[in-house]
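Below, chain A partners chain B and then partners chain C, in two separate complexes.
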Partner chain A sequence: MALVQPRQSARERPAAFDLGHPAPWIVAIVALLLPLVSNSFFLSEIFGQTLILGVIALSLMFLAGCGGMVSLMQLTVAGFAGYMYAIFGVTGTHSVSLGWHWWLATPIALILATLFGTVGGALAVRTEGIYTIMITLAIGAAFYYFTNQNYAIFNGHTGINTISTPAFWGIDWRASLPFYYLTLVVAALCYFWVDYLIRAPFGLALQGVRDNPRRMAALGFHVNAHRVAAYAFAAFIAAIGGILQVWNYKQISPGSVSVDSAINVLIVAFVGGVGRPIGPFIGAFIFVLLRTFALDFLREIGLDGNRFRLLIGLGFLVIVFWSPDGVIGLWERWRRRGAPASARPAGGAHG
Partner chain B sequence: MSRFIERYPFWSLLILIAIAFALWLVFATWPPGLEQAIGRKKVFLNAFFNGITLGGLYFLVASGFTLIFGLMRNVNLAHGSLYLFGGYLGYAVSNWTGSWLLSFIVAFVVVAGVGVLMQLLVFRHMEGQDIRQTMVTLGLSIVFADLMLWVWGGDFYQVATPAWLVGPVQLPFVTAVKSSGEAVYLLYPKVRLVIFAASVVIGVAMWLALNRTRIGMIVRAGVDDRDILAAMGVRIQIVFVVVFAFGAGLAGVAGVVGGTFQSIAPGEDIRFLLDSLVVVILGGMGSIPGAALGAVIVGLSEQLGAVYIPSYAIVLTFLIMVLVLAVRPQGLIAAR
Partner chain C sequence: MDSVAQRLSNVGAGAALELSGVTRLFGALAALSDVSMTVRPGERRAVLGSNGAGKTTLFNCITGDFPPTSGTIRFFGEDVTAFPPYERIRRGLRRTYQISSLFPGLSVEDNVYLACRGVSRGRFSFLRPRVGDPLKQSARMLIEAVHLTPVAGRKVAELAYGQQRQLEIALALAGAPRFVLFDEPAAGLSPTERRELIEILTSLPSHIGYIIIEHDMDVALRVVESVTMMHNGRIFKEGNPQEIESDPEVQELYLGGGHG
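Our next item is the complex of A and B:
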């Protein structure tokens, strides 16, 4: 299936960021004023987590929605960035850390993680379509087992603890309020960057590659170069998310790059919808809410509170079955319910 | 085979030398210099045989995976869950009845039944949409994993080895020569050898069934072009169900084998899914001989890696996969 229905013409595509529409303004104002009404638990555990997970899933949204490549290694790239930050930076695990300053460790981690993602992508594009998911899953799983068994570099099962976070201009950026604004700004930048790139010539060419690689090749586009470039860009976005994640948790262990978490990123992106850059953030919000409150909720309705993953899995199945374009697709169909049937997106027709 | 040698004389020579060297390592009495360099021969032989027998297990898991993929273009990411389910079932049955062989039959039948349900209730309704099917299998694997965790908890289970298979057997491989001139032979667990032999028999039977019978002909035709096959009047849906049931059943049997070899616990599903993925990427999707070759390579590289480079063992397997993807993206023995 096409992950995103090819749109009939460029004009039909919704404007990326419509300044006349009130919704983006409301979201922006709510996001900025949130700390006034929210306590620090909600700020970091719900909204901070949403933004970080959203950034990682955003990279998958770009690959899957724009390039048609469903990669399961975006969390691995993020975790790789986190590990690199921990290895080069100052941590409590002296046996593996080099103890460099954060302003040196961060760019190095970003560069190395981008390289890692690019090489993984270059491997994945050697085969077509469905193989991508298998190869990226193999890369992700191999990295997870590697971090588990290697003590010299990754400190094995224990992972790396008490990772120091940036503090400058007299502000501890890990404190709840500054960290929220930091993640908000970074997430917004990533969002607008992806949003811009989708409409830029590169993004349009990538969508062409997604819809008809042979025709694009005939037109003179280097298909695989576009795909690898998409992987490189997505890896950079994922690496940013990974750095934020490691600053947030101050520790990293193989559990952070486990296959389950890698699958979670896929779930987040597809539940939200890979058609628009806002989708991953919506998906992340739903996911984080579920993860935080599922225990209480399940107990409330008289079920075992540990069945959180069952809930996630079933929810994901429901979305894949009935709305291939995620929650956004549901919303759009609901909004167009009065419109003639021909105007509806074809995505929901099968099932 | 001969065409391969004609086309790639250099690579054929290299492969032949490597095989000859491996055979020499297995059969010869090691000179003292070699023992000093890489350790005792007994360690090597044990790792070697563990790798080969583990390859047999991987083959059982991956052949079902590759068969399902080859015919239906369905990457069944829930295959590891089927393996784990088979293992739990095998444990329950052998614990309850005390019969090891019965546990295989039950695991095969029940897991094949799960496969039939998956094909009939889910995949039949989304034919040709491979990415959506893959996502569904991913969702199913999460649901299955959690259901199994619910029922069996996080404990380790081991299927009891039957009495007639317990104990070592002496193999005609010299591990060392005592100072008195007496040769020491390798002792190896009987159960692993029997299971390996069984997986070879299953593999050969599958190959024969695919290449020498009418049903095999239909399946092979379906792998090549299922639309034309359906147009020829073959009830393709029935073929799909049968193949899915068989592939799933093999995963269930492999679960019992894995439960006897090693143990059954949450997380094993992911491990065996990864191994199946690497095996079929190495061997070539949809190819049974490819799965056999890939399984032996993965098993050997895991076991030898675990002995000689313990903290980088997984990287070895992974590097082999990268190398194959770089040189032959379609797999070593490609189906097409």
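Our next item is the complex of A and C:
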């Protein structure tokens, strides 16, 4: 048996835990030293946004990649957390906000958003495939219209403004540099947590549920309970992203939870690839770059700058067409070029 | 509903598996009609019958993959008719599938580890198993028992057919099985693999009973002590292997019927 083990761990372990590989170290060093070379625009608008969007898409990666459940409501859960923070916390919109401290409002928002995502998940697990997408999309759309029309709690179309952010130890954590590091640490913790969980019994069982739910039941697993638990965990991760987002923008309005933005999360996760937890962050980086610079680029070549979505859409099409497992999949195939076909990973959707 | 006292007394009542009047309809088609059978703990029985006789449907009703239309199923005295599959499995029932039903994207070790996890606590554990985790060890022992140790780290999708069949058996033996349903475990195996299968079946601890669906009479009759013949969803004949083999009606219907 001892002969088998080492070879297996070398083959099976994803790159993240292969500490001999230079890539994770380079990423970590670049991320830590970035503020030395980057101006505050890049720090918050590019890298901060990448990390926040990456965390929200990471929750979808966990559901879709490990559990085979494509949820369109992850941004809604994040937005719900943001709204809850704004409603319980201190804001300029006195008519709806309760004015509690951030350290009270934050855990409450996380808990309520996790509950919200769990209830949504409990509805969604009754269905499979396209119907899961439809139900979660319906939840997202319903929440969007509700926030638009409800003034008593959500302050309707205007939303909630001038939301206060944490400041302690003499540091304003929303200032450009501290916020970057805060976001980086939180995103890294989420990433490592998901990466760890995938190989823990809960994550393994979820992959079993994805591959063969009937057999999982015949092994003693309560399949739907596992699915709902996955929604709950994913909701918690998405809620963390939502809190970071509301701290970042200091305001939240129905536009933050629109169906458009919900679909963006789907694009981010699948462009990056849902096979590995790093995928959503790569997808988010590409998405944020396109969103920020495609406008100028399109004007440069004489097109309407507002058509940057066209570029994103085309990119999405190309990726999905050429590499169903996203940019990560492209990279893995490039690394494995020359290896026999049987060594390639099996697809996720097994009946 | 039984009282607690009744249920407790039922536990010692003797039968591992007790089916009474089990019927399963698919639309107008009766895949099973009025099947009653009693299997003792530790008993090894073969279910024979041509294609469409209802053998796999019988297994699906016993495990709860789909419930019977009518009738009751008792497992060690407890009425499990309305139980979901996972509740039956946690009580010691196991099964294998006719067409291998595995997790192709996971390694052999993870497949067996999941099976061990499914019948123990910590199914939702967020913590990875540590070195020397008892479930990891029992997974390794199971893998060794079905001769898959050399491929323990490989993905199931990369295994040969015979190895997948063996893994199928390992999954069904995880934890503390009390009764196992084997659905054509020898299908598609080479003669050597068949010998290994017979060895695995005959070396199971004597308290573990099983029902085996098997077309290969050489395999079936060597590993069982009783036989149930099924035909068109009904029990057609019951007896020991010698009686069944020499029964003229059975020969006409099944053995002489040119089945592979």
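Brief remarks on what is shown
The rule is short, and it goes like this: the second predicted complex is superposed on the first by the 325 of 351 C-alpha atoms of A that agree within 3 Å, B and C clash if a C-alpha of one lies under 4 Å from a C-alpha of the other, contacts with A are read in each partner's own complex, and residues count from 1 in each chain.
Please note the rule applied: a residue touches a chain if its C-beta (ideal position, glycine included) is under 8 Å from a C-beta of that chain, and two chains touch if they have at least 3 such contacts.
In this text, all values refer to a predicted model and were calculated from it rather than measured experimentally.
Once the two complexes are overlaid on the shared chain, A:P201 sits against chain C while remaining clear of chain B. In the superposition on chain A, contact is made by A:I130 with chain B only, not with chain C.
When the two complexes are overlaid on their common chain A, residue A:N212 makes contact with chain C while staying clear of chain B. In the superposed model, A:F42 lies in contact with neither chain B nor chain C.
Under the contact criterion defined above, the residues of chain A that touch both chain B in one complex and chain C in the other are 1, 350. Those residues of chain A whose C-beta lies close enough to touch chain C in the complex are 1, 4-5, 7-9, 11-12, 196-197, 199-202, 204-205, 207-208, 211-212, 214-223, 226, 229, 342, 345-348, 350. Those residues of chain B that touch chain A in the complex are listed here as 73, 75, 77, 125-126, 129-132, 134-136, 138-143, 145-147, 150, 270-271, 273-274, 277-278, 280-281, 285, 310-315, 317-318, 321-322, 325-326, 329-330. Chain C meets chain A in the complex at residues 63, 65, 84-86, 89-90, 94-95, 97, 101-107, 109-110, 113-115, 117-119, 122-129, 140, 144, 149-150, 152-153, 155, 157-158, 171, 174-175.
Interface of chain A with chain B (complex): residues 1, 3, 70, 123, 126-127, 129-131, 133-135, 137-139, 141-142, 145-146, 149-152, 259-260, 263, 266-267, 270, 304, 306-307, 309-310, 312-314, 316-317, 320-321, 324, 350-351.
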